[in-house]
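My questions all concern the structure below.
A, B, C and D label the chains in the order they appear, each numbered from 1.
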Amino acid sequence: MTGQPETAAPDAPAIELVGISKAFGPVQANKDISLKVRRGTIHGIVGENGAGKSTLMSILYGFYTADRGEIRIGGVPTKIQNSDDAIRAGIGMVHQHFMLVQPFTVLENVVLGAEEGRLLKPSLARARKLLTDLAREYELEVDPDAVVGDLAVGFQQRVEILKALYRQADILILDEPTGVLTPSEADHLFRILEGLKAQGKTIILITHKLREIMAVTDTVSVMRRGEMTATVQTADTSPAQLAELMVGRRVLLRVEKTPAVPGETVMQVRGLKVTDGHGVERLKGIDLDLRAGEVLGIAGVAGNGQSQLLEVLAGIAPASGGSVSFKGQPLDLSRTADPKYRRRLGIAHVPEDRHRLGLIMPFAEWENNCFGYHDRPRYQARWGLMDRNAMRDDARERIEKYDIRPPSCDLKAANFSGGNQQKIVIAREIENDPDVLLIGQPTRGVDIGAIEFIHNQIVAMRDRGKAILLVSVELDEILGLSDRILVMFDGAISGERLSRETDEGELGLLMAGIDPKRAST
Amino acid sequence: DGHTNFNPAVIFDLGGKFDRSFNQAAYEGAERFKEEFGVEYREFEIQSDAQREQALRRFAEAGNNPIVVAGFAQASAMEAVAAEFPDTQFQIIDAVVDLPNVRSVVFKEEEGSYLVGMLAAMKSETGTVGFVGGMDIPLIRAFACGYVQGAKAVNPDITVIQNMTGTTGAAWNDPVRGGELATGQIQQGADVVYHAAGGTGRGVLQAAADAGAFGIGVDSNQNYLHPGSVLTSMLKRVDVATYNAFKDAMDGNFTVGVQTLGLAQEGVGYAVDDNNRALLTDEMTAAVEEAKAKIVSGEISVHDYRSDDSCPVS
Amino acid sequence: MDLAELFQLFDSTMRNAAPLLLACLAGLFSERSGIFDIGLEGKMLAAAFASAAVAAWAAAPYVADPFPGQISGLGLGWAAAWLGVTAGMLAAIAMSALHGFASITLRGNQLISGVAINFLAAGVTVLVGEALFSMGGQTPQLTGAARFTAIELPLAETRRGIPVIGPFYADVISGQVILVYIALLAVPLTAWILFSTRFGLRLRAVGENPGAVDTAGISVTRQRYSAVLICGVLCGIAGAYLSMGTSAAGFVKDMTAGRGFIALAALIFAKWRPWPALWACLLFGLLEAIGSKYQNVDVGAFVIPVQFMQALPYILTVVILAGFIGKAIPPKAGGQPYVKER
Amino acid sequence: MSKTLPRWADLILIPAINVLLAFFVAGLVVMFIGEDPVHAMGIMIRGALGSDYGIGYTLFYATSFICTGLAVAVAFHASIFNIGGEGQAGVAGIGVALVCLTLDQTHWLLTLPLAILGAMAFGAAWAAVPAYLQARRGSHIVITTIMFNYIASALLVYLLTNIFKMPGSMAPESRRFEDGANIPRLDQMADWIGLDMARSPANISLFVALIACVLVWLLIWRSRLGYEIRAFGFSDKAAVYAGISPFRITMITMLISGALAGLMAINTVMGDLQRLNLDSVLGAGFVGIAVALMGRSHPVGVVLAALLFGVLYQGGAELAFEIPAIPSQMILTIQALVILFTGSLENMVRFPMERLFLFINRGRA
C-alpha cells in the first residue's frame, strides 16, 4: 500500500476524474469527462472505437496530459504529468499495445524504471525473488529469463501485469486485454483480476465485449464521441441497453439476407503454409474452397493466422508452401506475387488495416479511388500520363453511390472520418466488379449506420453471384453475414460450420482450438 | 604604358597562402613588394579546381595587371583566360603556358634537391633516408629524383624510402597522413626525411622532430618550425619570382616566355640560418658548396625527371 | 614481411583506429538511444578545431597589455592540452545538443540534421579559424605541452627481449598518445555502462521501445539527451586526437576526411555492440595503414592501383552494409522521433 | 499531412520564414568574424545580380543546382534520401568526357544529345548499386551513397591520372575538348539574337535543365509512374497492397535521380571546363539537398531555390574577392544553415504556426 497519500479519506473513491478534456489538434478526444471509481471494485468502460477510452486512461496514467480537468486519487487532488507520477500514485496500466522491450528478458522489462540503484545486478536479483513470489500468489508464471519477444502474447500480457504489481500498483488499468486472448486465456485473466480485487485492488477494464463486462465488472461506464454518457451498476443493466448507450440509438444487428445459392468453386486453397520473418510458421496447411455466391466467414481470435491467409490470397505476402487456384488456374505464391495481377484476374482485397494499407492518407480521394487499379486502361492518357478527368469522374460517381461524406473528391483521405475512409476502400474494391472479394474487418472503427450500409453491399455482391471471403474478429458480424464459417486457431482450421447451424458458444470453443463435435464423438 | 594600369594580383593554389611552403613563398614575395613600394595587391586562394578559371577571369575583367598565378594546376585555366585578355600580363609559376602575354617561371628543383640530398646522406647515421612527396606528379618526382641523386653521390649504398601522399590536390594539405608516412619511414630506419608536400609537410617535419630524426623543409625556409630538428630547407624562390613579376610590370619591364631558374640563377638553394647552423658541420657545407659550384659550371649535371619521365637512380 | 614490419603496420593501425573507435562508440551511445547520427564527422571536425584553437591560445604567452589587434594567450602551457580536449568536447557537445534539439525536441529528420551538422562544421571551423588566426582556416602549429606526445608504458624497453610479445608490447601497445589509451579504455567502460548499469538498461530500452520507457515513468527526452551528450563527449575526444595527438599538431580544414562515416560503418559492422566495435575499428585502421604504406600493390599479375587501396575502407563499408557479413539490425526505434500525439 | 495548416502556409510561409532565419544566423556569423553583414549582403547581391557577368555566373551555378536539386527531389518523393548526387555527377562527367573526347571533331548538335545520354547513363549507373542494395538487401542508402561519393572520387582520380591524363601534363585532367564539343554559351546565344552579354560560363544546358524540370513535373504529378512513386513514398506497405513493387520503384527512382544528378556534368564539364578534371561537381551534389528541401521537392520550388543558391555561390565568390577575410566557406555555412532550418529545425516554426492557425480556426468556428 505505497503511494496512497496519507490524507486519503477512507471511503473516498479510489479514482475521481473531474472535467477532463483533451484535444489532439482538431480532434476532441475527451470532452469534460467526470468519473468515480470505487475502491476494491472492477470498473468497466465501454465505447465504440475512437470514443476516447484509451485517451482517458492514458491521461490517468500520465502518458498524455489533459488540457483541462482534475484527477483525485483517494480523494486527494493529484497532479499526474507523467507516468512516473502515476506510478507513485499507485497506478499501473496494461496498454492496448503492449509497452515491452522485445529484445529484453522478462526480468529486465520488469525492473526497467523501477531499478534499486545505479547498478543492475542487485536490482535484477531482488526482482527475480519478488517475481517468483508474485507469480505464485497470482498464477502469473513466466520464465524470468525468457526474452519477451519470444513469448506468446498471453505471456507478454502477464509480464505487463507483473510490471504493474512489481511497482506495487493499487489501481490497475487494463486496456482491451482480451482482444488478443483465446476465451480460455481470457478466463484465466479474469480469475487473476478477481484475485487482485479480493486483495483490495481497484481495477479498470476497457473492453468491447459486452459479455465480459456483464461477467466481471461491478460498475460500467459508457463513452461516446469523447463524452462519458452514463455510469451504471452492472447488475442493473443489460447488453442491449449498453449497446444503445454506446451508439446513441437502438441497434439492429441482424443482417437481412436470403439463403445463399452457392455456385461452383472459384478459389481452391490446398495445404497453404506461411512462415514469417522470424521463422515461425503462421499458417500450418490451410485447405478451403470458396464458392461463387457465398460469403465464407473466417472466425478466430486475432493473431491466429487470419491476417496471413488474407495477405497470401491477396498476393501481398509470399507463401512457404501449398497451392491456390483461381478458376482452375494456379496462382503464383512466391515473393514475386503481384497484387495488380490478382486484381486483373478478378480478386479484390479490402485490407484489415485501411490506414496502413488501403489508402494513401495524403492523397486526394480521387487519387485513392483508383489505388491499385491505376494501371487500368480507362485511367490512361497518352505518353504514360494519367487521365485525371476519368479518375475524377469515377470518384464522383462512387461518392454519390456510396454516400461518402463530405462529398468532395479533392479532399485528402486523411480528412475523412474512419467510416467514410472505409467506404472509399470498399467502393473501390466492389465497383471494379471482382469475382472474389477478400475482405478483412470490414466494419472496424465504423459507426452503426455505415456498418449496415457496408453489410448490405456485401450481401448484394453475394447475390450477384460473387464469392466473398470475410475475415472478422467480431463473432456477431461473422454469424450475421456468413453463409459458411471456418474457425482458425493457431494457424490451422479448427472447424467448419454452416452459420445457421451454429452459435457463439460453439464458435468460441473452436476459437480456443476445441472442437465440441469431435470431442463428443 | 604597362605602368599606367599597374594593379597587381596574385592567386594562390590549393593549400593556401599559409601552407608555410610553396604558396607562402609566393605570399611573402608579394608582401615584400607591398612593403617596399607601398602598392596594394589583390589576392585569392583557390579552394577547388573549378574556381581557377573564374578567379583568373575575375581579376582580368577587373583590370588587374599583372596577375601572378602560383601552381602548375593553373596551366589550363591560364591558357583559356590569357587568350581572352591579350592586354593583360600573366605569370605562371611551375608550368609553361605558351602565349604572347604570359611569363612562365619554372625551377630546377632537382638541383636544389640534389644539395639537400647530399646533406641528408652526410647527416644520416643509419644509411637510410626518406622522402615524402605531396601529389604524385612529375614535378614532385623531380624533387625526389634530385634528392636521390644527391644522396647517392655521397653514399652510393644509401637507401632512400619514398612515399607520395596522394594523387589529388588534397595531398597538399594532409598533415595527418604526412606524419603517418614519415613515422613509417623512420620506423624503417630513416633518420632524415625530406618532404616536398606543401601543407602536408607540416606533419612530416613534426613526426621527424617527435621521433628525434631530422626533417628537411621545402620551398620556403622552414628551419624555424622545429629549431634543431629541421636539417635544412630546399629553397625554391617563388617569392623572388612573384616579387620580380610585380616589379618588372611596375617598371614596364615585364618580359614573356619561359624563365628557368636553377642554382646558377639563385632560383633554388638550401637554407642556413641560426636554427640549423649547429647541425651542419664544416665538411658538410664545404662538400655541398663544391657540388653547387660544379652544378653551376655544368661539371655535374643533375637529371631532370621531367625530361624523360624517369629517374636513373632510386 | 617480417615481424618488425608487421608491428609497424599494427602501430600505425592503433593510431588510425583511435579516432574511429571514439567516434564509433559515440555513435553507439546515440544510436542505441534511437537517435541516428550521421553527423559524427562534423562533430569530430568541430572538436578538432576547437581543441587546437584553445590549446594554441592557452599555450601562447600571456601579454598583460596587448597592443590593438594583438591577442594575449593564457600562458597556461602546462594545462593547454587538457584545456584543448575540454574545448573540443564542448564544441562537439554543442553540435550534439543542436542535433538533439532538432531530433528529440523538434522531432525533425535525423538524417537531414546530421547532414546539416557536417556542412556546418566544415564551414564554421574555417570561418572562425580565419577570423581568429588569419591563416587560411588553420590554427597555429601546436608545440610542447599544447599537444599530446607518445608515452612509453612501463617495462616496454626492458622486456623487449621476450619473443613476439615483447616487441609487440613495446612497438604496438606502448608509445601511443594518451588519447589512444583512453579510446581503448572506453570500450570496456562502454560495455559496462551498457550492460551493467541502470543507465545502460534505460538507454538500450529507449532505442528499442521509447513507449515502454515512457510508461515506466522515465523521461524519454532526458534519456535521449544524455545519450546524445555522451556522444558529444566522445566525438570531442576523437576530434581532439586528430588535431592534438597526431603529427598534424594543429587544425587543417576538413581534416576528418571521412572518418566519421567510416566510424558509422564500423558501428553497423559491429551491430551496435562495444567489443565488436573495437575489432571493426581496428580493421578499418589496418586498412588505412596498409593503404598508405603499400601504395601500388604489385600482386604479380597486375598492380592494384593506390586509388583502390585508398578506397578500400569505403568499398568494404558497402560490402558490410550489403549484409554479406550477416544482417545488422539497428535499434528498432532508431531514426524515428518519439511522438505521443500524432 | 497537416490538417491545421493551409496550403500556402505550408508551401510558402514556413519555408520563407526558415530561409530568413538561416540568413539571420548567417548574418550573425558574419558579424562574429568582424565584418558588416549588411555590407557583405550588398556585395553578394550586387556581385550576383548587378552585372550581366554576375548574372551569367549565377545562372551557370543555378543550372547545376537545378539538376542536383531535381535529383534529390525525385528521390524524396519516394522517401529515398539520395546524398550521392556528388558522386553521381562526378561519374557522369566521365560519360560526358568519353562522348566529347570521341566526337569533338564533329558538331555540338551531335555531341550534345549524346553527351546528355552519356551523362545520364553514367549518373544512373552510379546510383544503381546503392539502389539495388537498398531494395534487395536493405542497406541504408544514405550511407551507401556517401560511400559511393568517396569511391567515385577515387575512381575519377584513377582514371584521370592513368587513362585520361595528357602526356607531359601534371594536372590530373583530360585534354581540352575540340570545338565540336563546345556547346553555345548564353552570351553567344544572346549574340545570335543581337544582344550583347558579357562572357560567362552559363550555357545552353540551362535550357536542358529547365526542360528537365517540366519533365519531372509531368513525371511526378501527371504520370502513372509518378503516381506509384508518390504512393510508395508515402507508404511502402500500401504500395505493395496496390501491386506497386518496392524494388522496381526504388530502382527506377534512383536511376532517374542519378541521371538527373548526372545531367549537371553537361553544364560544368562541357559548358565550362571543356575537359574533365577532379572536382567538376563543386559540391553541387550536396547543394541539391538544400535546394530540394527548400523547394519542397517541387520543380518550381527547385528552380527558385537553385537561383537563390546560384546567387549565393556567385555572390559568395564575389565576397571572397572583395573581402578576403570572408572565406568561401561562408557559402558552405549558409548552405548548412538553410538545410538545418528548412530541414531538421522546420518544426521550430511549424509547431507555433499550427497552434496559431488552430487558434484562428477555433476563433472563426
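Operating definition for what follows: contacts are C-beta pairs under 8 Å (C-beta built on N, C-alpha and C of every residue); 3 or more make two chains touch, one makes a residue touch a chain.
Source: prediction; values computed, not measured.
*Asks:* I want to compare two interfaces, A-C and C-D. Which one has more contacting C-beta pairs?
*Replies:* Higher C-beta contact count between the two pairs: C-D.
*Asks:* Counting only Cα atoms for the centres, state how far subunit A is from subunit C in Å.
*Replies:* Chain centres of subunit A and subunit C, defined by C-alpha means, are spaced 47 Å apart.
*Asks:* Let me have the rounded angstrom distance from the C-alpha centre of subunit A over to the C-alpha centre of subunit B, please.
*Replies:* One centre to the other, that is 77 Å.
*Asks:* Give, as an integer number of Å, the spacing between the C-alpha centres of subunit D and subunit C.
*Replies:* From the centre of subunit C to the centre of subunit D is 30 Å.
*Asks:* How many Å are there between the centre of subunit B and the centre of subunit C, using C-alpha atoms for each centre?
*Replies:* 35
*Asks:* What parts of subunit D, by residue number, touch at least two of the other chains?
*Replies:* 157-158, 161, 327
*Asks:* Among all residues of subunit B, which ones touch two or more of the remaining chains?
*Replies:* As it turns out, subunit B has residues touching two or more other chains at 45, 136, 167.
*Asks:* Touching two or more other chains, which residues of subunit C qualify?
*Replies:* Within subunit C, the residues that touch at least two other chains are 136-137, 253, 307, 310.
*Asks:* Give the pairs of chains that touch; include all such pairs.
*Replies:* A-C, A-D, B-C, B-D, C-D
*Asks:* Okay, in this complex, where on subunit C does subunit B touch?
*Replies:* Interface residues on subunit C, with respect to subunit B: 5, 8, 11-12, 15-16, 135-138, 141, 149-150, 242, 246-250, 252-253, 255, 257, 289, 292-293, 295, 306-307, 310.
*Asks:* Considering the complex alone, what residue numbers of subunit A touch subunit C?
*Replies:* Those residues of subunit A that touch subunit C are 24-25, 61-64, 82-88, 93, 95, 97, 99-104, 108-109, 111-115, 117-121, 123, 163.
*Asks:* For subunit D, which residues are in contact with subunit B within the complex?
*Replies:* 53, 57, 153, 157-158, 161, 169-173, 176, 198-199, 201, 268, 272-273, 275, 277-280, 282-283, 317, 320-321, 324, 327-328
*Asks:* Considering the complex alone, what residue numbers of subunit D touch subunit A?
*Replies:* Contact set of subunit D toward subunit A: 1, 3-4, 218, 222-225, 227-228, 230-231, 234-235, 237-238, 240-245, 354, 358, 361.
*Asks:* Touching subunit C in the complex: which residues of subunit B?
*Replies:* 16-19, 45, 136, 163-164, 166-167, 170, 173-184, 187-188, 199, 202-204, 206-207, 210, 225
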